[in-house]
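Before anything else, here is the set of structures, which you'll find just below.
One chain, chain A, appears in both complexes that follow, with chain B as partner in the first and chain C in the second.
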Partner chain A sequence: MEIRPILSALMRSKVSMILIGLQVALTLAIVCNALFIIGQRLDLMKRPSGMNEADTFTISSIGFGQSFDVQSTINADLNLLRSLPGVVAAAPTNAFPLSNSGWSSGLSLAPGQRTSTANTAFYFVDASGVSAYGAELVAGRDFKPEEISFRTPNDEVMPRVAIMTRALARQMFPDDSDPVGKSFYFGGEEGEPATVIGIVDKLQAPWVSASMVENTLLLPSILTGGSSSTYLIRTEPGRRDEVMKDVEEKLATANRGRIVRGLRSMEERRSQVYAEDRAMTIILGSVIVALLGITALGIVGMASFWVAQRTRQIGTRRALGATRGDILRYFQTENFIITTVGLIAGGVLAYAFSLWLMDRYQSPRLPWHYVPIGFVCLWALGQLAVLGPALRASRVPPAVATRSV
Partner chain B sequence: MFSYYLQLGLRSLRRNPILTALMVLGIALGIGASMTTLTVFYLMGSDPIPWKSSKLHYVQLDNWSPDEGAGSDDRPPDQVTYRDAVALMTAAKADRQAAMYKISLPVQPENPDVKPFIALGRATYADFFGLFEPPFAYGQPWGRDQDAQHARVIVLSHDTNETLFGGVDSVGKTVRMDGVDYTVVGVLAKWELRVKYYDLTNGAFNNPEEFFMPFTTAIETKRRSTGNNSCWRSPGAGWEAYLDSDCVWIQMWVELDSPARVEEYMAYLNSYVEEQKKLGRFPRPLNNRLPDVKQWMADQEVVSRDVEVQVGLAFAFLVVCLINTIGLLLAKFTRRAGEIGLRRALGASRRQVFMQFLIESGVVGLSGGLIGLVLTGLGLVAVRSLYRQYANVTHLDWAMVMTTIALAILAAILAGLYPTWRACRVQPAAQLKM
Partner chain C sequence: MRAGEFVAVTGPSGSGKTTFLNIAGLLEEFTGGEYWLDGVDVRGLDDNARSKLRNEKIGFIFQSFNLIPDLNLFDNVDVPLRYRGFPAAERKRRIEEALSRVGLASRIKHYPSELSGGQQQRVAIARALAGSPRLLMADEPTGNLDSLMARGVMELLEEINRQGTTIVMVTHDPELAARAQRNVHVMDGQVTDLGDEVSLRRQKAATQPDHAAAV
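This part shows the complex of A and B:
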């Protein structure tokens, strides 16, 4: 392919070339960084919570008046819930994954240790807790009914046995392959340590954007803050919605001295807790589509203009023996050259954007492969956009050369 | 002359509808994207109480652990302890002061048709109403004496009064909450805040509370905060120990009418903390802060990083759209060299040609701006459905509408400058030869 005539023609319309090149450069830089951000958000959103989210929901109750007895209400509610058809497991709890609300604190290895070894979320549950979360117990044992007691947030002494997630165990006891039976302390407490009796494979903390999101400690107590209680209910597969309705109605009629609220499936919670991340992916996605569209239209517009401007030259070339294919390739090669120059500048710009994002928002560095993939996509886009005008150019009859415009 | 050029411009745009549509669409898309994000950014970050935001100061005391700071960059905790809040309220060194925390209470309506419900409320002091100036529909705030008496009084929001009393003047009536009767002393008119700046810790885009009651009453009835609570060491057993602990769960605001008063108040805070140090509290170096409303909003990153990135991206997109428009205008104007040559030969000056083509660019900008305005409206609807909590910061106001159109015209004229300049340099002789 004869590059020299193309180059010399381009040099005559430098400004147009620079404009298209700039557009391609900016498009590449924005698309690469936006795609990278979308990828990061999708990674966040697809992390499993460790729960059986499809079949599980939560509901809360808040009693009012002096005569309300929270402990007997919880016992009655649990008996009721466990007797309902379709319920596989029901447990009282203070917190659960994807809710962004809960209790966290530090754990340590030595009594009176000043800085904690690991931070973790606390889930206070009874003996059905692990089953209600749908978590998988991979070592040790579950809580026994006789280990369960009621407690309030003002109680000082924590339970002496606990089940932890594998991630928390790895952070607490990095050198031990079997953490079951190991001792630890809460905060800076002294005296007798608590013991790990079981390990669950995975169960996220409530805060999805926290660095300690995989650290969770299950404790055998029913935590009652004032007159409220919350239940986690897992149903037989496919029966969740029907059981949800049933539970709301039965709890409300079982006790008129309270308000039943907060009926929500875990799937609904997942969509709410990641709403901002999903919004970001949708917004960035729309910007990418619009940007590619505008750039493609820009190339179509400029190429059409050039074709119109050079109609006579094309006719002359055809008359001197150039084939249709020659004309087609001429415009395609021209587009390839402009796009390539733009892409090289855009590659530099993409890394500059990435550096700025790293500096301003501590975001991770743009992985190198985004830029070459962007190159291929924009080359393809450019060739596609130029195809229409180039085909039109190739159909210019040689006779045009003889007419005066 | 202006209207003639306008006519010429419109005619020329009609002559080449596809090219024109491409230019207008490009500007409209760029303007729509950038104005949508800019509106959210501007409404989130704008001053929620401009007439006194520099006089309202948030109190931060560093009572955190000797081993690690409460926040990054050595920031003190974003709330204060009960004992410090009460000490500052008792000293009353500011022009106005209010400690506050978030509560939720079950409401038992007298009307049997209204089911009991949970209401979110704020336990605070009488000065709250003077500090943040919520509008009253009926009655008035409770007084400082009622703070001291732990009075069973309540101020209802407009909506709560609608629910409980059908919107009539309910001052003097009682509301039963969790078995206790409270007398209504005031009812607010509709109070909508873009940013709930007085409690950024528990959700900057939440709505104001459904009721307000004295802080002292809430403490006497042992109401725990339903908002954020942080402790760096175990508070110990029981309610009294919790009140006496180093756990932070209260927000504290003061009004200081001049920079000199701010300095005085800071000096008072420092001497208070020095006193407390003698009692063995406040193990960290002195680190008290008194950010005003805007500073506090910046510290708490009310305008989220996502929104900032979106604004940056949208403007980069606008630049691409403009480059696109420059290219297309260039193509369009170059094709009309013959017409320009003819006009020049017939006596039009370069200046006149320049004006004619600039006005044509302006027409493109105006059309793009009008369509962009529609796109901005649609964009805001989309943002509202994507981020439910942003309902109060996704509205176009007149300032933003005017900005949109001005930005579009400016953008199109900027884009038209170079092509216009090129058009003016056409030599009449070269064009008329044929």
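This part shows the complex of A and C:
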């Protein structure tokens, strides 16, 4: 390998090497961090909510007029919804995953405890709630119809039984393998504790970016805030769209004293709630493609210029015994050296950039393996980009050496 | 051509001197006739084989020196030796020896731009000699030099020839040509003064190792 003489020759034309090296360095630093951010966003978007999103939708109703009775409307609506063909389960709810709106509070293990053991979202549902979410009950039991009651946000007494997610149970009772039957308190309340009667495998809180997104507590109550109500409806597989249309029409005609709105599938909600993350991945992806393209073009341009500039030198080398392969390898080695110099600088820059993001945006540290993978990818890109000009160089005939200038 | 000869190829501009040099130096292929180089029939050799043969058997001296400006003298002389695959120690020995032979051992770390034209041509001669070629092809070796430097280079070539290296020198300068042992005159692509000796030489070159080349 001609590394030493190539390096010495490059040191005589530092500007070109610095320019391409800098471009490679910046590309590595930005691409590594951008890929990491994209990976984070994709992981975020990929997280299951714990619901059967494909077959579930929500719809809301707001009553108007003096005579509107929210409780009787909810009862009538639930009877109607559960009787519709294609509906597997329907439940009233105050909140659900991916909605970015709901109620949360702290839970404690002792009465009057000043600092909560865990924070959690509250989902007030009836006995069909677990089924309507499509959550998997992995321990204990579901709510019984006789445990369900109506409540308003102002009611101070909370239900005495609850179903919690496995993640919340793990945080509340880290030393207990079976949290069913365990007691807890809402916030800093005193008196009788509430009891865990069941555990669901997974059911996310409404806020996708919350640190406690996996902590959810299901409570046996129908929460009525004013005259509004929200229903969660799970359909038979593949019948969601058909049932959605039917439900909207039936609810609207069943009671003329209210407005039916907010008909949206969970898939639509997922798409909306992660719209920013998706946009970010697209933008960063485009930046990566553009940067890699510009870097590749930069290498192609510089290598083409060098080939044109050194045609006579190449001819001389051929005359002195270089084979076409030797010339090809020369340009590939030269590119490898420049890229490596750029990559070393880029590796340092990538971690520096990551530290800045950590400091400024509390972003997690760039995992170490991104940089070596970036090295390999940019080496490959460099070799691919230089291949065309290098092949052109290898075709320079040795007779060029004797041509007059 | 017999081994150890110093042949000058002369002729006016456009007569075919450089084409002759390119063919004799394996830089170009030829469409008719035959060419034996140091007992090897070069017809039909592929590009790699021609490159290898060129590297092993022929040393080149160009009119414009053709040194690589970004390499110092050591690395310039090293270029053909690397293609030859010599080990590093062997290359170093040959480079130092070749540069000493042309009187530039003390400038080994200098770059071509730091040398005069005559010195640059001497580096080119050192590069051509370092691989111990059977044949030295010189294309107007003094064409870009003033008369003083030209004389120095010619004296060096004569000395190299005296030490046993076969030299073919293309020149349009009759004075320089006169210093060679034999002249070949090319006119309109035709060799004009070899006459009947051609066939005899071809036969001998193919069978006798004391012939550097035969066409």
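In this section, the second predicted complex is superposed on the first by the 402 of 405 C-alpha atoms of A that agree within 3 Å, B and C clash if a C-alpha of one lies under 4 Å from a C-alpha of the other, contacts with A are read in each partner's own complex, and residues count from 1 in each chain.
Just so we're on the same page, a contact is a pair of C-beta atoms (placed from the backbone, for glycine too) under 8 Å apart; a residue touches a chain by one contact, two chains touch by 3 or more.
Just so you know, these numbers come straight off a predicted model, no measurement behind them.
In the three-chain model built by superposing on chain A, chain B and chain C fit together without any clash. When the two structures are aligned on the shared chain, A:A34 is found in touch with chain B, with no touch to chain C.
In the superposition on chain A, A:V161 makes contact with neither chain B nor chain C. More residues of chain A lie in touch with B than with the remaining chain of the pair chain B and chain C.
By the document's definition of touching, of the two partners only chain B reaches A:S16; chain C does not. Of the two partner chains, neither chain B nor chain C is touched by A:M212. In the superposed pair of complexes, A:G187 makes contact with chain B only, with no contact to chain C.
Residue contacts after overlaying the shared chain place A:P153 against chain B, while chain C stays out of touching range.
Of the two partner chains, chain B is the only one that A:M302 touches; chain C does not reach it. For the pair chain B and chain C, the least inter-chain C-alpha distance in the overlaid model is 11 Å. Residues 404-405 of chain A touch chain B in one complex and chain C in the other. For chain A in complex with chain B, the touching residues are 15-16, 19-20, 22-23, 26-27, 29-30, 34, 37, 62-66, 114-115, 153-156, 186-189, 225-227, 258-259, 261, 275-276, 278-280, 282-284, 287, 290-291, 294-295, 297-298, 301-302, 304-305, 308-309, 357, 361, 404-405.
Listed in rising order, the residues of chain A touching chain C in the complex are 2, 5, 8-10, 12-13, 312-313, 316-326, 397-399, 401-402, 404-405.
Against chain A, the residues of chain C that register as touching in their complex are 18, 21-22, 25-28, 47-48, 51-52, 54-56, 60, 62-64, 66, 68-72, 75, 78-80, 82-84, 111, 127, 131, 139.
Of all residues in chain B, only 19, 22, 25-26, 29-30, 33, 67-68, 106, 108, 116-118, 177-179, 224, 233-239, 241-242, 304-306, 309-310, 313-314, 316-317, 319-321, 323-324, 326-328, 330-331, 334-335, 383, 386-388, 418, 434 touch chain A in the complex they form.
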